[in-house]
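In the two complexes below, chain A is the common chain; its partner is chain B in one and chain C in the other.
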Partner chain A sequence: MTIIKASPTPALPAPLSETSVIGWMQKNLFSSVFNGLLTIAALYIVYMVVKGMWVWGIADAVWVADSRRECFSINPDGACWAGIFAWVDNIFYGRYPREELWRVNLGILSLFIWMIPLWLPRVKAKISIGLTTVFLYPFLAGYLFSGGDKGIFMQIMLTAAIVCLAGNTIHATIGVFTGRSLPEFLSSLFGKKNVHEKTQRNIFLGIIALSFVSIYVWQMSWSLGGVSWTKWGGLFLTFVVSGIGIASALPLGIILALGRRSKLQVARVLCTSFIELFRSVPLITVLFMATTMFPLFMPEGFVLNRLVQVIIAVCLFNACYMAETVRGGLQTIPRGQFEGAHTVGLGYWQTMGLVIMPQALKHMIPNIVGNFISLLKDTTLVSIIGLFDVLNMLRAIGKDRTWLGLHIEPLVFGALLFFLLCFVMSKYSRHLEEKLSTNQNN
Partner chain B sequence: MTETKTQETQKINEQLASAASTEVIIEFNKVNKWYADFHVLRDINLIVHKGERIVVCGPSGSGKSTLIRCINHLEEHQEGSIVVDGITLNQNLKNIDHIRTEVGMVFQNFNLFPHLTILENLTLGPIWARKMPKADAQANAMKYLERVKIPEQADKFPGQLSGGQQQRVAIARSLCMNPKIMLFDEPTSALDPEMIKEVLDVMVELADTGMTMIVVTHEMNFAKTIADRVIFMDAGDIVEENAPSEFFDNPEHERTKKFLDQIL
Partner chain C sequence: MATWFGTTNLRCKKSEYQGENVVAVSDNNKEYVHIKPKEQFDFFHDKRVRSAFYQFLIAAAVAWFAWSLIGNTAQNLESRGMHTGFGFLKVAAGFDSSFKLISHEPGVGTYGRIFIIGALNTLYISALAIILSTMLGFFIGVLRLSSNWLVSKVALAYVEIFRNTPILIQIIFWYIGVFSLLPRVKNSIDLSFGTGNLLLNNRGFYIPWPIPGDLLWLSGVAIIIAVIAVVILRRWAQNRQDKTGQIFPTFIVSAALLIFLPGIVYFMTGMPLDWDIPKLEGFNFVGGASLPPSFMALLFALTIYHASYTAEMVRAGILSVDKGQDEAARSIGLRKKWAMSLVVIPQAMPAIIPPMISNWMSTIKNSSLAIAIGYPDMVSLFMQTSLNQAGYAVELVGMTMAFYMFVSLTISWLLNIYNKRVQLVER
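Now for the complex of A and B:
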């Protein structure tokens, strides 16, 4: 006999273990006597560690003092954060002249202003904004940071960067409020609505040229005092090295990865050996090679400053790691995607740029950001070859006469600083992944 | 009434096909191909006329997919010559790119671009390879989406569509390039049974427009309705080549008979 139910079985309430806190604890923490004991032991250890850190780092800590001796006299058992506060400018800017710090701040601020439009809704032409960030911002920042006499090339690039920054910002503001682009807005200013694309472009280019000329004339009227790279230091130097590393590692890595997969024998062999060479040595070796060996091979009188050597070394080293990440991402793209692109007539670069890379990069985001995080941490190695990055600055505190022997607190502070930076990056990569995967269900 | 009309159009199409059939559009001349040691195409000779509809069948591994993939140079042949639309296929990349814009191809696994919307999938080739203005490309794409009866899906992503819909999009994507030849590589093999018909219907409609089509398929009823010629391949050889009526009712070769017994 078969039983046929006319209506669906009503849903039963979920068991207690799935819904209440006590049920969850019973199931996950106290499922047996032994597990219960383990839980209690673990809680005790966590309590001891947290309590110790709390007492040392906050409850007993000294926040205001003029020297380490004073810290000791106030409370010898607590941390002496006063030393960190006294050195905070050194930690962030190194020995950069104190009256010129605004230049560093302005440089970093302008990077944010430059990049904010990338995150805003309704702003068009984000790809050009991104590209100008990579290609023009370095000149603006470079001049702000190092100053000195402007060569003709520097004058042109600096002007272009300023025009571009202003243009981007206006474009983004218009975009947020009206959803239009700068060229569209400009031609409507002249009372020409719905004009042909070409006229629109001409008006836009004309205004750009005009502002280029006026800013060029304006920038000739001032210049900034030179600051030698030897005065750069602290977190600022860390950002410079890792920032350039991050910005160049991805494009270089993509080129190397494509070269390694190329059908051209020469390109493949060159890229493969380059990647394998740099990947098989530690970064510190590459850094020593760049700063001590490399000048030996150069003709006499050829002097490159050490910072540039270090930055090139970091870029090449990370490009090789990035190349392998990109290659891994490319291998996740099925062959059918290449064939699909070929059959609609796309050539090699179009196939790569429009079909393969966008998909591969999406798969690679966690690995790419992982590379960026390790790059940021690896830059502390430049302290070994004598650049005063943030780590070296932190260690210098303990050698300062007033703060002699203050070693633990700066390192704890450094750990917190790096944790914060890396954590933000990794959270942002999670956010990117989710954002990119919501608009396509596959 | 409508029946007589379709009969009439069919007649006109047949006349057109026979009138155009003197123009050769694809020519294989003693083509040989190996995958390492494996001899996958053996001395293939084949002439396809403009407007002809050819069905290629055969057991798996017989080289039928390889045969049609040679036409747009997704596979490289080692010996012999292939001439497509008057252009000889060789290492010249410019020729290959040109031929690929003239030859559309539909795959078993659709190979749509999952990161682009349906409309973007359709306009990518026209905009970048044909340098068509964006607005024109989109209007053209909508026209073809209507023809495959899914204009309402234009803004979705491929992953949100059923297999049958995806395959129809893939057909529309190829048609957007306005090709002279359409190749189909087992277009219904990856589909659930209830979706096969919607794809075949689109293909039959396409055949009625006089498009040159080469179809690798196991759908024998489809072959009977639309094919001008059926080609049977086995172990890299073209074993038999015949009109569908002859091919199915009266196969010449032992191997063909055996194959037909197995699948019918």
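Now for the complex of A and C:
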């Protein structure tokens, strides 16, 4: 008997479960009697839920009507989406003056234009794009949203923001087509490609100064009407609060986390107690504290409006949660990295900024996005304090005279809205995590 | 000699060095001496000076900030004519709580009592929600890992839907969309199949309430005895298994002990337990115990929301155990059930417990959203109603936050103890 055969054994056919639907079903759904019963039970539940939602939400639903009464007369069993459509402006913008809505839209659009380059692979200098988004965009958006008289500071910042937005956009367009940055492109345009770096920089700065001056002069010619913050509302307000929260939570959180890990005793004790204080109480108590106690903390005659109070509370609260995330990320960095940085002569801030943070942030991305998601969800709490955010707007539909008692549909709509936002964010963070982890293995 | 060598002694040739700070002559070679480097104290570049200076700066800034806050607050309180101090806790509160575990009469009971009612209400609903959500979460987490494709996808849908929707919307939905739309008192839904014991209507959930009789304590004693017996039995069975390898059916025997011993005592003492059953009198039910719709809505929302988090933790914990552990357990002949419960789950627990406890903490914190639907918990009773009635903003807000901090810190203290124990077991 020979063990070694002259001809290779023919390959077996692929297992049934990999080739046919029935085989797959047998393997994954009906592998045993118990599993089969489980599948049937699950199928029944899915069928009931989907059917119920389909009939209520789509098949029997009323899409066009003028009032809830009319909805009832058309079909009393289905959802009355007509109420949502009638209130859609309120849900998204609150009571923002209708003729000024373009300002909100423009503000949101400019944010997109500002941030899209961050996702384009050929664009360079993404860190400075990100930084300008955090530090300059708020002035542009703030003025667009609230309007009113421009102070001298506001004029300067607004001009800087506009110059930056234009520069960013041109830079990104050039980057996409040529793969070069704006300064490089400009110097090659003027034929100064081979001159000294300083000359190139001076040309670039000159162009910036020129555009700054011209835009400054241009923006003096117009101003926008003031819109009080009490008119802000709906999803717009939710985005304002959570956006400021997101933008400030990370830097504040990094500072707090560094403080908590610091060798300075005083800083460590202070940061630790601050973090633990805010993490051990519910957000709603912090919001209450902001609205009842902040007015007492302020010097006499200095009044913060409620929106600012709420935003401060949200920022502090989320900074503490972010601090713990950052601390977790810092702990994943091996000691050798700190020691290596010290050995090459870097000081504390250089070590942190150039060596530790870039690595730690990469580890933290999923958790940071998770924090952002919970921040977005938590922003609905401001409705309890009496701000007309998206949830309060949705609840106001049921109190409106024509749509009296329409409660469930708005809530379902709101849940759907948040689900979409949060789900997309969490899927994106999963994608990012996978992308970064493969990079690491290479 | 540079200072940065610290206290390390240097070795130098005797002939080359005539300094003062020689520590000793080298042992093996008399040619050399050990010298201590001269420490140069440079005030502006010394690490300790700098650290002390920064700390002083931080402390001074914080102290100044706190001082100005306190000053402002005192001034504002004075100019608004607001009173301070905790004397109000002994003043009678003129309002009632719609749900309470201890008695309270408006106009008689004090604010101190209101504080206790609020604390108990918060702890009560959080405890129930924690127990239920943990059970549901484990169940969903196991379904999520099922080999059945459909079942695991249904569990995934559950987790994604409830995790990605704000808890506040869920609470309001359960309250407005479910528990307020229940039939009126007259058409109550009977959940006990026609016996009228468990009744659900838009005023709440009515359940019978036990009235203990004279000899009920004997049954209680029997339960305690049964529990002790079970503990002893388990030890004995474990010892026997270690020695002889024989497995004793511990589970069935201890279950029988726990059920029959108290049961027999209960029947022998003549069933000394009456039930106060809710009865319809006029327009409402009388007797029994009732849970208001806001309680039910909050309980449902908290349970379902936090169960979705627990499910993910259970799944992640079980998946964090190396696959080889399960395979090794199976290869030495353990059945799937035993491999899971003796090998995989014990190793998964250290990964599951810490996030689960922080999930419990956030359950307690999220129960404060009761304020949106009017369940009288700590925040809504003490921080809102009392604040509107009595003022004393600083004290009320401070006490409420202190309560939550106390609860959270207690739990995290227990968590630390657990973590230490787990680490000791590992190494």
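Definition applied: the second predicted complex is superposed on the first by the 416 of 442 C-alpha atoms of A that agree within 3 Å, B and C clash if a C-alpha of one lies under 4 Å from a C-alpha of the other, contacts with A are read in each partner's own complex, and residues count from 1 in each chain.
Keep this in mind: contacts are C-beta pairs under 8 Å (C-beta built on N, C-alpha and C of every residue); 3 or more make two chains touch, one makes a residue touch a chain.
Note that the structure is a prediction, hence the values are computed from the model and not measured.
Within the superposed three-chain model, A:L277 lies in touch with chain C and out of touch with chain B [touch as defined at top]. Looking at the superposition, the partner that touches the larger set of chain A residues, chain B or chain C, turns out to be C.
In the superposed model, A:S383 makes contact with chain C only, not with chain B. Once the two complexes are laid over each other on the shared chain, residue contacts for A:G347 go to chain B alone; chain C is not touched.
Legend: residue contacts after superposition of the two complexes on their common chain; A:L120 is shown touching neither chain B nor chain C.
When the two structures are aligned on the shared chain, A:E339 is found in touch with chain B, with no touch to chain C.
Shared interface residues of chain A, touching chain B in one complex and chain C in the other, do not exist.
Of all the residues in chain C, the ones that touch chain A in their complex are 51, 54-56, 58-59, 62, 68-69, 72-73, 75-77, 79, 146-151, 154, 160-161, 163-170, 172-173, 176-177, 361, 365-366, 368-369, 371-372, 379, 383-384, 387, 393-394, 397, 400-401, 404-405, 408-409, 412.
Contact residues on chain B toward chain A in their complex (touch as defined above): 72, 74, 93, 97, 100-101, 103-105, 107, 109, 111-115, 124-125, 128-130, 157-160, 173-174, 176-177. By the touch criterion stated above, chain A contacts chain B in their complex at residues 334, 336-337, 339-347, 350, 354-355, 358-359, 362, 439-442. Within the complex, the chain A residues that touch chain C are 28-29, 31, 35, 38-39, 42-43, 45-46, 263-267, 270, 276-277, 279-285, 288-289, 292-293, 295-300, 373, 377-378, 380-381, 383-384, 391, 395, 398, 407-408, 411-412, 414-415, 418-419, 422-423, 426.
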